Amino acid sequence: MTDNRKTGKALRLLLVSLLCAIAAWLGYAVLGLSLSHVGLGQLVGANLEASGVSHPVTAVLLNFRGYDTLLEMGVLLVALLGVWSLGGMPDYDESSPGPVLDILSRLLIPMLMLVAGYLLWVGAHAPGGAFQAGSVLGAAGVLMMLAGWRLDSRFAGLLLRVVMVSGLGVFVMVSTAMLLIGNGFLEFSPPMAGELILLIEAVATMSIGATLAALFLGSRPAVGPDK
Amino acid sequence: MTGDIVGIPWIVVLIVLPLTGGMACFLFPTISKSLGLIFALAIFTAVVGLGWQLVEQGAQRYAIGGWGASLGIDLYADGLSLLMLVTAALVGLGVSVYSGAYFSREKAKHFWPLWLLLWAALNALFLSADIFNLYVTLELLGLAAVALIALADGADALNSAMRYLLVSLLGSLFYLLGVALLYHSFGSLDIAILAQRMEPTPAVWSAVGLMSAGLLLKTALFPMHFWLPAAHACAPAPVSALLSALVVKASFYILLRLWLEVFALTDTSLGQLLGLLGATAVLWGGIQALRQTRLKLLIAYSTVAQLGYLFLAFPLGTNIAWKGACYMLLSHAIAKAAMFMAAGNILRFCGHDRIADLDRIAQRLPLTLTAFALAGVSIMGLPPSGGFIGKWLLLEASMSAGQWWWAVILILGGLLAAAYFFRVIGYAFTRAGLTHEVGVVPARMEWAALVLALAAILLGFISPAALELMGIGTPFGGERAG
Amino acid sequence: MSGVFLYALLGVGLFVLGLYALIIHAHLLRKILAINVMGTGVFLVLVALAAGNPDAPPDPVPHAMVITGIVVAVSATALALILMLKVSVATGKNHLSDSTRD
Amino acid sequence: MLHWAFDSLLGLSLLWLAWRALTSPDLFKAIVLFISFGLLMSLAWVRLGAPDVALAEAAIGAGLTGALLLAALARLESIGEAGRQKGSIGETGAHDR
Amino acid sequence: MNWETALPLLIVLSSLIPGLIIFFLAEKQVVARITLNMAAALIKLALVGVMLWGVFHGHHYEIRLPFLPGLDLVLRADPLSMLFVTLSASLWLATTVYAIGYLEDSPNRSRFFGFFSLCVTATVGLALAGNLLTFVLFYELLTLTTYPLVVHRGTEVARLAGRKYLIYTVGGGALLLLATVWLYTLAGTLEFTARGFLSGLDAVHYPALIIIFVLLIAGLGVKAALIPFHGWLPQAMVAPAPVSALLHAVAVVKAGAFGIVRVVYDVFGIEFAASLGVTLPLAILASATIIYGSLRALFQDDLKRRLAFSTVSQVSYIVLGVAVAGPIATIGGLVHLVHQGVQKITLFFCAGILAETLGIHKISEMNGVGRRMPWTMAAFTIGAFGMIGAPPLAGFISKWYLGLGALDAGQNWVIFILAASSLLNAAYFLPILYRAWFKAPPASWPDERSFGKRETAWALLAPAVITAALTLGLGLLASMPYSPLEWVRFITEQEYAP
Amino acid sequence: MSNIVNIFLLLLAPGLPLLLAIPALRRRVPWPAHLALLPTIVLLFLPGSFSVELPWILWGNAGMGIDTGARWWLAISVVIWAASASCLQTPDRRGAGNRLTTLFLLTLVGQIGGILATDMVSFFTFMTLMGYAFIGLLIDGGDEKTRRAGRIYLVLLILADIALFEALLIAARSTDDLGYEAVALAIPPSPSSALYLSMVIAGFALKAGFWPLHVWLPLAYGSARPAVALLLWVVPVGTGLFGAVRWLPLGELSAPIAGTLLQALGVAGILYALLFKVMRAQWKQLPAHTAIIAVGMFAMGLGTGLLDPAVWNQYGHLVPVFVAAVGLALAIMIAAFVWLEKREVFPSESDREALWLERWAKDIIRWGRRAGGDTLPELCALWLARWDSFWQAFTWQELFDAGEYLLQRWELAITLFLLLGMVSVALLWLDATSVL
């Protein structure tokens, strides 16, 4: 027993020293970076005009590197699918929330929705955007669920799935549509780029919000082995 | 007409199709089975289309959004990508056919969207020319794979899915840190541009180390294979097939790309290390496989061993060695998929997969056993299978490089593989002590496994063409490149 | 300028700290936390170095990358947490057990 | 100089929070510490001129992840209790605080 | 694709395709299976006949299939390959008839005959292989297709025997592969060329070449059952008798021996091999195997095991003939390839008949069996005397040329080996004959089956009698045109042409 | 025309008995054993020497023919064969009659073919057939003593065949044509002539029962059935002698050592038979000892021929006559004894005397057993007990117990001894030819 502990201690010591060495090396490597040639900042700035939005981060997220974002929507969808496949739809039996939360949620939820809308809209030229908006929306959903709100089972079928998928779906559709009208994939022509991005962002916000809320909900499986 | 076909941006189609398919299957679960098959066929066709395009026009670069690297993201397809895509398409088609009969209605509902999204991730990964984009695809792939493993009920499956998730995330983070370092060193994420700007600095070495470590973890190279056997053995049979055939290969592909293009290292001590690890994997995996009493675990350890082969090309670094490793990869993918499917059939038939109690499978499930045996032939590297071609090329490379010890490892690995596979086949002929209840195996599942196994054998006969296709865009450097 | 490296080093520190915690803790929830800390460390390295040039506005590309990364992280965390719960239900343990060997 | 001090302080608190979050014996405390870590982190993002990231971190990294973690912990504990009540599962690590 | 390209392929396909079809036949479709089997065997024989004629008249049959960069799969008919192909095709026919009789009413016949055909396919392919790569391919294929035949019975003993068989043969295959690759990296080609393709190599590579030679011989020696690689052969006797017959007479063992012939003549070239100094050790190894196999055979009571050790001994004659390195010895070695095949298959046929008809497996059970089954034992007697090398049977011819060749090459010690071997052969075969013919039969046989008036089923007896007659004919009419001996002379003239 | 008849008859002489040897073919033939002799008898009355080349057979230069020497020998053979065939027609006692006839006919084929053969290989072939068939004839239905004789003779025969095979190889190395005369001419200048001579002498000595290899003869004479006893001289002994004359390059070569050795053997044989056997007055053994004496005399003659070619050239042609005469005499003697025995003149006696060859072999086995079988296994058991099944297969005990037949055991002993002998001969020879 003591031997075990001793070897455990020795191993831990070894691990710590190893990790320290790694940290030191990484730190050395980071410090050795010369930051004189900055990344793509200038390039982004130069092409910002053509992107359809004025905020560089949004431009990168939805235009220059929109493909990353598209796949990222896919990641979200896969996470949701994974969660659902593990437990299926969550149970509806939940203890009622306390009165404070109830009141708080009544107050907070509309505000959060407003914030989300604002973030989405402002994203085109200032910090903000679909993900932030979506997550705020998601937070609203979480709050609602904490307050005991549940999705009506009538909407839990195809409609819900459509909402979940819509973010990715619209993104793919729009990008492919560009292909069909003669542009490249995901190539938004400047005149309509702004509108298209807004469309994508709007749908994405809704979808992200729903997905995040569903992820939260899905993390509450029924107790006991479910078959 | 030909021009039309060649003109289609197959690269994009290959990514959009499975994504759409995944979404469609998600939206319409009742018809997901047929949808899935249709999309599988469509993807297969698209791969053929891309292949045609590559043959006609050479390596393809596609700037998404029209921006082009390094502002935007480029897609790039050359022989190596094509190889991976074809691998995925062949295995994917097989798995799709097989899964149509394998899963219950309830499971199928979850399986199809996840599988098609996983396929999308694979295709995106094989076509990406951007190291951050590769990270996203890796994550997509990893999460989808985890969810698929967890489709199998039971504590073991969940356990291994969890472990796999952690490993996968960890590997991705290592990779991402490497990406961060590379980006800040050279200000670009595009592989080609990075390759141009490459210079050895501490940061680059750190990136090499981090990315390699992360990817090796995901590829399950010995000694980082600890998560693999359980995960691959516990998953549902078609998922095991996917994992062993494709998912681990994806991270290997990235490593290969980086190694071949970005890092283009002349100092091969790291390559020697990888080779050494690969050799150890071959032997260790083989010995472990030999010790297993359960079929699926045996196959999973066999994967550990086979992955080791792929790394034997690193210390050699010649064109022919890379091609050998890639051929090995291709044939292993197909053969291993067939083998896992066969194991799935056996599992369903016997209700267990204890090797010693296989109880005359040879008589009672001949097609499946044939599939297993044929796949085994390829894995053992016996002629005229695809595995043989890979092995031959690697052997040739190691002998001409004068590094005969790798040849010895290759040979020993083949012997070990023969030892563990024939153990199974031997028991398939004998009568077990106790008889078992017999489950029904749909013919479709048997044939899917058999056809894939046959494909693994036939790969041996198309190697000149295949090697030529692989060489489009010279991903492995010139013929004489040392 | 120096702040940049400070944060970058902090990122490295968080990364290694997370790694350490990931290795030594058996509890799955802690492992998930550790992974998240590691991720934050990596993001920090990415973003900190993007602000390298005090005269120019920071490079937006790493920012976008990090946002993507954060979303990926939360998706993975959600999946990991539910998987953890399922493991706990199935095995009664909240750490991984090695049961594949007969 | 002030920036320096602020950055250092922020950095040290982040490191300390992370350390505490990862080592605290009480899981609930650990999660709360992690949420605070996330919130402080968004401050750091702002300091680094990345308000977008800060927003995302606050909303997603700290907020949603925190909620997910807390919910998970709650379920974990109830699973542990259920297991104990059933008596079938003796060893449980849900309460290793 | 013209006739001359197609023929080698057709010969291979003529057993491959029927074999594959047979797998899918139901157990009950006896007639279809028999028809298919016989038709395939006859067609193959006919095709081989055509090719034999063609090769003799200087036609060049070759087909190439690109397989690896710079390496093709080549099927080519040269006189040497025709020797082996003809042997395989004819004995396949005989064995098929025999197997049909033997496996009457036993389970899994479709599987059996399927693999049986594949096994012959591999053998024929191996014979026609035009380069070492193709040879390796079919060599491995042979391993794979014979394994199911060895474990066919599905008993634990069969499984263990199969395992042993595999350990040896797969190991051998691995060595062969290694050597082949190495050779390829050194020489840049693997094409079988009369008198070898290595003599032009730089002397720096000679040590490597010697190692390669050793590896090749070890790899091939496993199948040829050279000591110390012979261990699998007696174990593999658990297989049904037709399999043993095929294994010993035609397929596996011969494949190894044939491979050694190829390596020595068409890879290294005999003169070059001799100049490397590798032939003498090979000859000594072969001699040791000859003596050892015979000594072990003396002490086996199990009939098939005794025959198996006899095979160990006899196959090495071929190797010896090759290793002695002279034209006459070559004739002896090569002709033994055929002669041993015919003789040994006769013996195995007879052993199978005894087991099947009377349930006799041991020599000690064979008292007086000649009275019960005169035809069978007559065939056995001819086969045994052939093995001993009594004139005018086939074995005598081989032994004659071996001895003469050894003298010719100045390796006089070889004739003592031959003498000792004859002696030992007599020592383990004659007691069997003595028992069978001159001892009183027991009151009842271990497990007798009745075949009415006949001593056994005609399908079993006919092949044995025919091969016994062949044993006599091949010896007595050795100088007839197209006889193996004449053909071997034809080969040797080419190999040693000035 | 006459030529075709000649050839036909030459082929038919061994061919007809061969055909009749197949039981199915003679089922309806009356008196098959006599019928088989018919072509040979006709052949005897054809005038002149003639021969036929047989293409395709063996390696092409086989042939058959008849000349004066052969005719003598053939004539006497036919007489004795006819007598024996008459004895054969006894009622079938043990159901073996059919097989006995087959063996009888096969022996006949071998003997007649051997006489008619014009080259060494054909002769060797026929002689082998004759030898093995004769052993079958000897032991078929015989008692224990006959079988013992048969077994001993079998071993001697195998050894003889090996020796003759070597001799053949040497001859073939010296000349392409293996006709007797060609060989006789080619051997003397050959460097291997000494080896050839020794091999031939050894071979035929073994076959014909030269002293001291005669042991089986008395046994066989003592116990074989009359039909076989009649053949004992003509078949194994006579053919051996006949062969020796043909194979040795008599008259072409002077070989003092071999000649002297042969003479010594001959004298020793004669003396042995006279002193130790005939003096004991075992009447029933008389033919055997007569045969030994005759063989001894023949050996003396051969020795003389080898010593002095000129003598042979002068008197060599008498040899067949001599052999024939002895054969006839012995046949008559046996016939007489058979007749006498039928009238129970001789008390039946069992010859319990142990044969030196067998005794010697048994001793070897006994020593080997004592050394290996008793001590080694104990040691093995002590040391290797753990390695049970694997090693046990290789212990000496196992090795000896596995061979359950006496025959097999002493063949092994002889084999080992012979191998030893061969090695020493080889060494001597290699030394002599200064290869080493």
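The letters A, B, C, D, E and F name the chains in turn, as written, and every chain counts its residues from 1.
The rule is simple: a contact is a pair of C-beta atoms (placed from the backbone, for glycine too) under 8 Å apart; a residue touches a chain by one contact, two chains touch by 3 or more.
In UniProt terms, the chains line up like this: A = Domain related to MnhB subunit of Na+/H+ antiporter; C = Multicomponent Na+:H+ antiporter subunit C; E = Multicomponent Na+:H+ antiporter subunit D.
Keep in mind that what you see is a predicted model, and the values were worked out from it rather than measured.
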| item | value |
| --- | --- |
| Chain labels contacting chain C and also chain E | B |
| Rounded Å distance, chain A centre to chain B centre (Cα mean) | 29 |
| Rounded Å distance, chain A centre to chain F centre (Cα mean) | 104 |
| Distance from the mean Cα position of chain F to that of chain C, given in whole angstrom | 98 |
| Chain A and chain E: spacing of chain centres that average the CA atoms, whole Å | 71 |
| Interface hub residues of chain B, defined as touching at least two other chains | 132, 136, 139, 143, 146-147, 150, 177, 181, 183-184 |
| Touching two or more other chains - residue numbers and ranges from chain D | 52, 56, 60, 64, 68, 71-72, 75, 79 |
| Multi-chain contact sites of chain F, meaning residues that touch two or more partners | none |
| In contact (per the touch rule at the top): chain pairs | A-B, A-C, A-D, B-C, B-E, C-D, E-F |
| Sites on chain C touched by chain A in the complex | 4-5, 8-9, 12-13, 15-16, 19-20, 23-24, 45, 49-50, 52-53, 56-65, 67-68, 70-72, 74-76, 78-79, 81-83, 85-86, 89-90 |
| Chain C to chain D touching residues, read off their complex | 2-4, 6-7, 10, 13-14, 17-18, 20-21, 25-27, 29-30, 32-34, 36-37, 40, 43-44, 47-48, 50-51, 57-58, 63-64, 66-67, 70-71, 73-74, 77-78, 81-82, 84-85, 88-89, 92-95 |
| Chain C partner contacts - residues on chain A that touch it in the complex | 12, 15-16, 19-20, 22-23, 26-27, 30-31, 33, 35, 38-42, 44-45, 56-57, 59-61, 64-65, 68-69, 72, 75-76, 78-80, 82-83, 86-87, 129, 131, 208, 212, 215-216, 218-219, 221, 223-225 |
| Chain A-touching residues of chain D, taken from the complex the two chains share | 51-52, 54-56, 59-60, 63-64, 67-68, 71-72, 75, 78-79, 82 |
| Residue ranges of chain F in contact with chain E within the complex | 23, 55-60, 95, 99, 121, 124-125, 128-129, 132, 136, 139-140, 147, 154, 158-159, 161-162, 165-166, 168-170, 172-173, 399, 402-405, 407-408, 411-412, 415, 418-419, 422-423, 426, 429-430, 435 |
